[in-house]
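Worksheet: the structure to be examined is printed underneath.
The chains carry the letters A, B, C, D and E, assigned in the order they are written, with residues numbered from 1 in each.
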Amino acid sequence: MIVLDGVAQVFDGRAGPVQALAGIDFEVGENEFVAIIGRSGCGKSTLLRLIAGLLPPTRGRIFVGGEPVTRPRRDVSVMFQRPALLPWRSVLANVMLPIEIFGLERKSYRDRAHELLELVGLRGFEKRLPHELSGGMQQRVSLCRSLIHAPAVMLMDEPFSALDALTRTELSGELQRIQLEQPRTVVFVTHSIEEAVVLADRVAVLTPRPGRLRKTVDLALPRPRVPGRPDVDQAGRELRDLLTAPFGEEAT
Amino acid sequence: MKARGAVLPVVGVLALIGLWWLATIVFSIEKFLVPSPADVVASFLELPGYLLGQSLVTLAETIEGFSLSIVVGIPLAMLIVRSPLLERTFYPILLAMNAVPKIAVAPILVVWFGFGQGPKVVLVVLVCVFPVVISTASGMKSTPHELVELLRSWDASRRQEFFKLRFRHALPQIFVGLKVAISLAVIGAVIAEFVGADAGLGFVIVQSGASADTSLAFAAMTLLAIMSIALFYGLAYLERKLVPWAEEHR
Amino acid sequence: GGSGGTPSAGRDKVGYLTSFGTFGRDAYAYVAQEKGFFTEAGLDVTITPGSGTVDVLKLVAGGRADVGTADFTATAITVAKEKLPVTAVAAVHQRSLAAIISLEGNGITRPADLAGKKIADQAGSTNQVMFPVYAKAAGLDPASVRFVPAAPPALPQLLASRQVDGIGQFVVGRPLIEAAARGKKAVVLPYGDLVPDLYGNVVVTSKDLAARNPALVRRFTAALLKGLGYAIEHPDELGAILKKYQPAQDAGVAAAEIGLMASYVRPAGFTGPLGQVAEARVGKIIGTLTDAGAIPAGALTPADVVSFGLVPRS
Amino acid sequence: MKARGAVLPVVGVLALIGLWWLATIVFSIEKFLVPSPADVVASFLELPGYLLGQSLVTLAETIEGFSLSIVVGIPLAMLIVRSPLLERTFYPILLAMNAVPKIAVAPILVVWFGFGQGPKVVLVVLVCVFPVVISTASGMKSTPHELVELLRSWDASRRQEFFKLRFRHALPQIFVGLKVAISLAVIGAVIAEFVGADAGLGFVIVQSGASADTSLAFAAMTLLAIMSIALFYGLAYLERKLVPWAEEHR
Amino acid sequence: MIVLDGVAQVFDGRAGPVQALAGIDFEVGENEFVAIIGRSGCGKSTLLRLIAGLLPPTRGRIFVGGEPVTRPRRDVSVMFQRPALLPWRSVLANVMLPIEIFGLERKSYRDRAHELLELVGLRGFEKRLPHELSGGMQQRVSLCRSLIHAPAVMLMDEPFSALDALTRTELSGELQRIQLEQPRTVVFVTHSIEEAVVLADRVAVLTPRPGRLRKTVDLALPRPRVPGRPDVDQAGRELRDLLTAPFGEEAT
């Protein structure tokens, strides 16, 4: 579904260029759930923006569904690292925004919006403005917005980073359920190994800046997975050990 | 902002009037130069109906021209924001048009458009389209990159990017432009009336000027000030209705 | 700046305002400056372009200028209505320059043709205020002529572009109008032909200065009028002098204007000294203005508006 | 924005001049109404030194008045932002002052301040202080609440809150105000020169207007336009130097 | 050092009032490190803003160092949930901002700023502008800024939420070291139980909205603590069980 071929990204800043990503060759299969793990600043968000067609790569080529990516596609949805809510829109109106943009019939999606808000624990907050919400609540609104329509590819950038452990577990459980019911291609950036192990079919580990693909780990554990299950926890420990181990030749 | 909110502006205006009055007395300024508020009120009371009628003429020109500026200026600003090419090409033209003193142009407008409302409205547009364009364009350009990227990620059309995002984001700044423009609009209408009109407060000012009836001229200018202030607060009210989300929480 | 370059030691400073800008019709002040008439009179004069009768009167009354030039009719009305503390001390034009100017082909050759026509003029100008008087003298119903107000700079353009049939002007405006109309001849209907009593511009000063330093006022008036006399006798020189002080002016037009103006400064049969103002005539003008409704009855006496003691005598 | 960046504005202006020229030919507009660019250039070439000298007079008044507006306007805006009380009291006064047509005030200023540069500078200030105040105030008010709270958490003084935060945040909007104001400043100087001046491009326009020398008037207006555009781009350049962080990344 | 006495907070929004906190009685001793845990939207950030004097409580009283809190104090520093960097200031200038505000001599703090940036892995980014940084990098700048001077009280709102597991562990180790060397009073909001267990002397658990003090847990484990040490992990498990257990009468 997604193919990255020799992708590199260099940003030109005031204080000289920054190499964010270098020589990424990577594929994500149809309906595969891939988690991306890597140290802060290694280029995870940049990678998502490249796949989303929001940024042309400095080098290399990117394909989604067999077509080269030149601009954003409607069947690819992005949930950004920051909530990016429109400050003048109520919670509900923010969630409904993609529906408006796609010109879909609002009425038929309004119930879904309410369901999603209920699911993430924001019932009763539909009419509030973003600045009246806590950080985690804003992130949950952003999550609902990215789930309101059913894209073929979902790119999610640390979707649960501002949430408490409990809500996090609940929501990652929900995400797993949705994925089992209606499988999609998901690229999911996270800092939580536990989350990666519960959700992902495969975990891609990036090296620190410039981000290269250090390793990918297949997780062939039966679903639904829950944290605490011995095999899940075991996979988590292995992944953690891998991450803590010194880098080989790729280390900066 | 209810009843209490109206007290302070009134205090401010009263203070201004008091100062003016005091100045005319203390510096014993001649009436033909600067009449006292009492003279001005007396002048108004001589011809209240006539003066209000003339005010309505000026008001109509102002509102027509101002509305037209919005209708012309906001799409122009969008074009400018959309294409840096258009921006670089259009801006200097706009600037050149804006740089010409309108009083110097007014006679040409009269020759072209005759003595009716036409040239007045055109002049109002010429005077106030620039602040509308520049503030709208600046407001739309300052839309946070992350929100623009959000809409782009959905492959939103340019139109959607403008109307669902940039325009809404720019509203507070657009209102700053409109507030600057509305005063200019009033002045533009008056200037136009200086040149070839037989009605309107500008005409009253010219006519009173011709006979050094400074009190009458000041009465007309006071009416202009009231009109201008009322229009400004009308805009401010509209702004509060349209941009209710607290200003600082952007 | 308008003042001459000579040192001002020991000379009295005088600020002078022209009636409007620095056109040929007002250029005699520069002649007086250039020819040294002011210096001879022990004066150090600064010439500033005025911006119309009412502004000149305000600036003189407010003490910002010592002396100025203003239309007499407008001055009389302003003094009567607004009690400005100004007074006239000499006449520049013995007959008013006010006129209606039209163009050949507009169907206007004589005053009676004005009936049913559209005339543009500055709101409240002398031409408009005095028109009923002129119309009556011409046997015309004033109500049959439609005046549309327009700013002075627009007038020639409105006429040339045929937006209006005629415009209020000074007779000396003929060269300008003909220049603007490119080839077309102007038709000039001077009010002075039918209403010969009206003065044109007068020299004004504040009542205060007239009372405080009448000698200074006399000296200034004499020197200015000497420049005026020289100007109407040497129109060719005037163009060059004006151009020296105001490079943007057209020497030819200025010379033509002053040439046209000569017969209004010194009309045929006028024997009095340059600048003369006659009390009887002023009384008559006030009567005319009162009849025309321009000033309230009994609001003005000749002495209110003219300091006859300062007026030049032979 | 180097050499290539200058091409488009030049193209825009040339297109404007071309259109103007074409219009004078196609509609056979009379020279006394709208002269062709060739007439205007000829007019300029008759008196190049004189006209440039007059331009400098106007330019000096413009810059003086404009600078003074900044010096007066920005602190005023700070007071307004600081205290809603002052805002409600001052705004109507400011509005009233702004509402009065300045041409009507010019003669009074001459009576008060004489024939020198004084009244011209005052008029320029009156004309352009309002956009400066309103855009500065609006920009400072729109500072994100989270940044204001950050400074408050350090118990920063009001002065620090203004200079380290609000003012910097408002800079892009302040520049919008300044860009609107600079054109008004030029026009204000010209209007002031209509009354009681014997120098400056405004004086040249009055003189030429009354003598129907439209070519000369247009030459003066063209110089004004050039001056205004140059000042605008000067401000734009200053803005790029002072606000280099990309506009959208706020 | 910090005393909260019957503190409640109600926000008045467009869509009616929201009770964020209700009846909080709580004390933090001098140089005590208290971690606050609670579900998203339960009022943790609000609590910090109240202690910081940025918000007057709807009800109740707050004391810091024996004095009632009426306005922010310079000996109390806040690290906000969002990075809140000044977009026109370089990384270094953002870190130096409090020094400028306090009118302290810049020169003597510049080295410290560089050290802190080095510590959080931002060496070489001193001259960049915030928008050139990744989310986690921005958060680290904000962390440096809150550490540049030495306040008596530090209020930290999810300071490591945007960081990867490794950086997180490193930085919480650093924070522990600093706290051992120069003890301060710290109130530390976190969603990570592991972090709370490693850092805190005491953990306060809030109920969901409206936030009430559900329980406080003392952690008397020897320092320095590292994750993976049996007693630390054991405390973590206990805390997690406590959180996952259904609420008693306090549940919403």
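Definition applied: contacts are C-beta pairs under 8 Å (C-beta built on N, C-alpha and C of every residue); 3 or more make two chains touch, one makes a residue touch a chain.
Labels paired with UniProt names: A, E = ABC transporter ATP-binding protein; B, D = ABC transporter permease.
Just so we're clear, the structure is a prediction, and the values are computed from it rather than from any experiment.
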Worksheet item: Within the chain touch network, how many edges lie on the shortest path between chain C and chain E?
Response: 2
Fill in: By number of C-beta contact pairs, the top two chains
B-D
Practice prompt. For chain A and chain D, let me know how many angstrom lie between their CA-based centres, rounded off.
Written response: 50
Discussion item. How many angstrom lie between the centres of chain A and chain E, each centre taken as the mean Cα position?
Written reply: 26
Worksheet entry | Chain centre separation (chain C, chain D; CA means) in Å | 37
Discussion item. Two or more other chains touching the same residue: where does that happen in chain E?
Written reply: 14, 82, 129, 131
Practice prompt. Name the residues of chain D that each touch 2 or more other chains.
Written response: 33, 111, 145, 194, 209, 246, 249-250
Worksheet item: Which positions in chain C touch two or more other chains at once?
Response: 58, 62, 153, 157, 161
Worksheet item: For this entry, which pairs of chains touch?
Response: A-B, A-E, B-C, B-D, C-D, D-E
Fill in: chain E - residues contacting chain D, complex
49, 52, 54, 71-74, 76-78, 80, 82, 84, 86-88, 97-98, 100-102, 129-131
Worksheet, complete the sentence: Residue positions on chain C within touch of chain D in the complex are 1-2, 15, 20-23, 47-49, 51, 55, 58-59, 62, 64, 152-153, 156-157, 160-161, 176-177, 179-182, 246-250, 253
Worksheet item: Inside the complex, what are the residues of chain D that reach chain B?
Response: 5, 8-9, 11-13, 15-16, 33-34, 85, 88-93, 95-96, 98-104, 108, 111, 130-131, 134-135, 138, 141-145, 148, 172-173, 176-177, 179-180, 183, 186-187, 190-191, 194, 202, 205, 209, 217, 221, 224-225, 227-229, 232, 246-250
Worksheet item: In their complex, what parts of chain D are in touch with chain C?
Response: 30-33, 47, 50, 107, 110-111, 114-115, 194-199, 203-204, 206-214, 216
Worksheet item: Quick one: in the complex, what on chain D touches chain E?
Response: 146-147, 149-156, 160, 164-165, 168, 243, 245-246, 249-250
